[in-house]
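Next come two complexes, and both contain subunit A; in the first it sits with subunit B, in the second with subunit C.
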Partner chain A sequence: MESIIHNFVLPGQVLATSNSETDGGFLRGHGTYIEIVQDKESDNRHATKAWGNDQSNYNVVMQTDGDDASNQEDDNDTLKTGPQRLIASLAGTVQRVNKLISVIPTSSSVYTGQVGDLIIGRIIGVGGSRWKVSLTCSHNGSTREGQLPLSGVNLPGGVQRIRTSEDVLAMRSLYKEGDLVSCEVQNVQRDGTLILHTRSLRYGKLENGVLTTVPPGLVGRRKNHFCTIEGKVFEKEGANDMQIDDEEGGDVDVYLGLNGGIWIQRKIPSEWENTQGMDRDSRVPLAETLQKLRQRHASTRVSTLMRERIARVRNAVECLRLVQYQICPESIESVVRASLMADVRVGHMICPEWVVQLTEGTRQ
Partner chain B sequence: MASLRRTDILSLIHLRSDGRRPNEIRHMTCHLGALPSTNCGSALPTSGCSGSALVSMGLTQVLCVVKGPCDVGRRSEELPDRATLEVIVRTTPFSPPGDRRVANPTTDRRLIEQSHLLQTALSASILLHLYPKSKITVTVMVLADDGGRLEAAINAATLALMDAGIPLKDMVCACSAGRWSAGGVDEIVVDLNRREIQAATGMSGGGGGTSDTIYLPVATMPQRGNVVLAQCESRLSGGAEAFGEVLDVAMKGCQMVMEIMAAAVRERGAGVWKAKEGKADVMLVE
Partner chain C sequence: MAISPTEAHYIIESSLHDFRIDGRSRLEHRPYSISTKSNNSTSSSTAVSSSLILSNGSSRIHLPGSTTDILCSVKADLVRPSPNKPNEGVVEVSVDSSLAGGLDIVKNSNAGAQKRQLRERESTITSLLQRLVVPHAVNYKALVISPGKYVWRLCVDIVVLRCDGCVLDACAMAMREGLRSTLLPRVSAVVRSDDKDGFASQGGGSSNNDLIVEGDIRKALPPSGAEECPLVVTLSILSAPQEERIRHFCIVDARTEEEVCASSRVCVSVDPNGMVCGVHTLGGGGIVDEAMNEEFGVEGFGISSSMPMNMLSEVVNTAGGAAKNLYQLLDSEKFAGDSKAEDDGSGYGYLLQNQLIIQ
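Moving on to the complex of A and B:
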């Protein structure tokens, strides 16, 4: 905890000063800006102010090589010639990679993308050979938008070719406005715009499940964001049979989008895959088989029991959000278990008194 | 024997009508993320809010909501090289009226003027050039007004912008200072409440005859020492020195405000970090 407070900066705090323009003591990263010092007088005043606050040990976090704090305090002459200054523009923690200094905002409501992140987003616009994806999963008034270019999706059937104008016209047949998609960040542009792609068979349209959204800060980065909560978690000890359909394995899939979108659906049963595999021609590509599986998932009714399980997982996530606890499969499972132990009905899980009680075990 | 009123007693021991010392600001509380942002809760968010803050300075309470940066609705509002900053200031029907009883919130000139002032103050700080062709909307709701709603609005807007993660040059902090003569003694005080503002603006021309009464809301960027906003409607017969004194006091007030705001942001940051690390305290929001 100590180090977190120590590295915390506010907009306007000086992160580093460099002595001359050619020095290049630092590189500007996200969440910072460079200011060229013009007036010696004002520079001095500013500098003493900034460094003066240093005594309260959080203000100035790091300086470029060669300038240590004592140096700065003692002779301001070096500063007078310093034409550049790196200043934070966001409230957050400082990250330094060699010369690159950036500020990672700790605001929980803001998602800052990184390459490779899983995103659960909603298509809000089609056009210009790209889809606009709302990262807040909302239809309108979305604040952050990602771009999903046509070249970033798999064509039906998994054929690999250059996209033609026919493909552009048929874009709505793939994803249309209002669809939910899971996708990955391919690239982060200079201005922070995210370029997405769904060019893996794991990504694509999401159907027949439940979406819930949480502050992005609660979803930590982990190895795998496609998690499964096994059916046995939902089974109470003692209760012998849970008349679960043989068709459905009883497992629940949870996709933890790093933008805060969380998608819950039933796990596609392995029997389906086998039946698909039976009539699977070796010539039929894997992409097509998976597509068929998805279609079957989308068109098959979810049994009542399964719905209850999905709802329970959804409310477990909601419980964790309400107590601001990190959302990961372990914490979800533990809340689900607690709710079953306490014999709480799904609808009652998000009553405040139950929220506190159910998350008690998790929080410790 | 004439009975002493409370205010008389206070003025005898050099305290102001609400018991503060002249250089003391009102009790200030800041709450970042007062409203759940868009990506919270249900799958059907109602507002496009990306950051919010609730600030109370004494009895004045202001809620600020920031939306954006998002697409500009109308093409004509779009700027090619920077973001459009839209500021809306509204009062709630239950907040006590200012000096007028009836005010239509959409046409009230005072609110429009304040939204313009807020806009100038904020555009000095927001790095608008980072979001070309987009729009940032700052909506301020005055929940309770005991004087100094402009200052509270500026502070709330800064915090809401920080909550939304919009890059700022520096925090914009606002505080007012005033000067009037009470009982023949000139007083310079910081962070005026409504009664004091009325005293400072109501009797124009000076109570003691020699001194000015000044009410001066000031917004600064405290870490750089820049003044981004200073509004004075009083007559200055005392000259620039009198003005300078008041401005200095106001700037000191801004520094105090900034410390409170910084502590609030830091606390919030630590809380968020804790949750990320998975060590959360019980905190039920909503």
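Moving on to the complex of A and C:
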């Protein structure tokens, strides 16, 4: 803990200085920039040339634009010889490898993928035997794209074969523009482009549920990103749960996408699996069973009680987002419990007064 | 924004059950909060400095989590009235939503097209505000200082920083609260008995001495009639099949994803007395009239782009009811906000002040 605090820097903080004699005291790494410390005299000269009435003592290298050749030379000279300062441009911890100093951000507002991450993305384009997947599912803000190649999906029926040109033509029958998919990062290319795949049976199109988005930093990496919030969490303590039969009050599934997309839907009831299990005896492959289950889930209407639960979970996530707290099943559950204890209407959960009260137990 | 059909289906069905995806009922608004920085509130005389610099009145409409964040500034100046309306003041509105996301300049290849779309959106909001709100915003007659010579011009500038659905409603709220918080210094024209002098000043405009401005800010008053400024309620009309026939119902204050599902939208401006000041329908498509369909025997063919009269009246009635609730919500919110957030008008910071301790 001590070392983390000591190594923590804020943007603009000076990490290192080197004077002209000991040239090359450090190397600039990620998350930093170099500033040249200039003596008063040359500063005045520069200031009048470059910015007019700028009074600062320091001249940022990137911004110095000399208008004639001699000035340019001067700049280059100072770049080589002048005393320099290395300044952090991110909030994070300092990492040092010999001369190389870099800052590793604590949580980036932009999602940078790692292999194996669960992503909830939206298809924004089909073509070139690949789907373009938007990684920022929210409607405002910049779009970042990943690519889901045709070879990265399971064909309907779970058959394994080389993709043909017919498959390319039938791509829209799998995923259309606007569809939400859960997928996994298969590969991160050198330029940061993400190659996705949905080849596990867990991944695929998301239907009959609600998407909400949070800053990617709030979703931490954990063992399992497919979480379930059990039905008993929603039941009030002391209330007789006789009225609620199993069909009505089920569990709620929460998929925590590492890109900040969070998908909430009902958990597929176990009875369905049992009825589908009948087919398993007749040697239908598992893929097909799951597909049938999914189809049934998509076409079956969600009950009102379930809708209330889903909305409650959604608003619990929203509450956590408002107080910038890590979103994990435990924290969601705790907010849901608090909301039930306080007997809040679901619609009122995102009122600021309630947000503070409901997340109180979680934040401590 | 495109959403998948299955999401739309879920949203519509949820609304049908009167339980929307965020738990609201159909005619419930989100918890908007207003910081008007009003300097006419009697409790805080120090608030004068907290109004937006160089503006006579300002307001900020804010939703928790900054999903909607709109600033409004009202700047007043004295102008010569237009010759055909010498006895009326002027209110001008401009909306800027260039900061409101949806524009990815860095990477996107068709940034030009997006910019055009943005301009279009801005001009739509502006023209709708001008039609629905501006004619009823203030008492124009009371903005006159000297008929034919000097009238107040109120320039209302609205900046949409972020908006999650129902941008027109939020802009109207910002405008109303901005106008209500505006303070106009008391200015009186010196009426000279000399007829010739008056004529000269009218023609040349070089009249230096015919205005007396009351310097005391405490005697400044909001423009008369600003309390009557209408709000806009946008109803999104969703249609869902129920019991083998299509049912229409409306929701207020839709989120962006709910707005996308709507087959048609109706903007109704309602003033605090419950009077409807204007109606506008947005989005051409989507109302399938059952009776017409039965008559022609064709399912949703051709006729779906218009709205039956009885339905419109029903919608407007609903809007009237929703507007009443909205007025109550805003007034209570403002009251609460004034008492609590006196020192920092910046959203909900005060609520978390004592709760978050950096450890």
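A few points about this structure:
Basically, the second predicted complex is superposed on the first by the 242 of 364 C-alpha atoms of A that agree within 3 Å, B and C clash if a C-alpha of one lies under 4 Å from a C-alpha of the other, contacts with A are read in each partner's own complex, and residues count from 1 in each chain.
The rule we apply is simple: a contact is a pair of C-beta atoms (placed from the backbone, for glycine too) under 8 Å apart; a residue touches a chain by one contact, two chains touch by 3 or more.
Just so we're clear, the structure is a prediction, and the values are computed from it rather than from any experiment.
Between subunit B and subunit C, B contacts the larger number of subunit A residues. In the superposition on chain A, contact of A:355 is made with both subunit B and subunit C. In the superposed model, A:322 lies in contact with both subunit B and subunit C. By the touch criterion stated above, A:211 is placed in contact with subunit B and with subunit C alike. By the touch criterion defined above, A:363 lies against subunit B and subunit C together after alignment on the C-alpha atoms of chain A. Touch criterion not met for A:270: it reaches neither subunit B nor subunit C. With both structures placed on the common chain, the touch criterion links A:200 to neither subunit B nor subunit C.
Applying the stated contact rule after C-alpha superposition, one finds that A:33 touches subunit B and leaves subunit C untouched.
Within the superposed three-chain model, A:129 lies out of touch with both subunit B and subunit C [touch as defined at top]. Contact with neither subunit B nor subunit C is seen for A:151 once the two complexes are overlaid on the shared chain. Shared interface residues of subunit A (contacting subunit B in one complex, subunit C in the other): 140-143, 210-211, 318, 321-323, 352, 355-356, 363.
By the touch criterion given at the top, residues 33, 37-45, 47-48, 50-51, 67-71, 125, 127, 130-131, 162-165, 167-171, 221-225, 262, 265-266, 268-278, 280, 282-286 of subunit B touch subunit A in their complex. Only residues 1-7, 9-10, 13-14, 17, 19-25, 28, 30-31, 33, 64-65, 100-102, 104, 106-108, 162, 164, 256-257, 348, 351-352, 355-356 of subunit C touch subunit A when the two sit together in their complex. Interface residues of subunit A facing subunit C in the complex, by the touch rule stated above, are 122, 124, 139-143, 176-180, 206-211, 298, 301-302, 304, 307-308, 310-312, 314-315, 318, 321-323, 345-353, 355-356, 360, 363.
Listed in rising order, the residues of subunit A touching subunit B in the complex are 1, 4-5, 8, 10-13, 31, 33, 42, 45-46, 49-50, 58, 87, 89-93, 105-112, 135-138, 140-145, 191-192, 210-218, 220, 259-261, 318, 321-326, 328, 331, 352, 355-356, 363.
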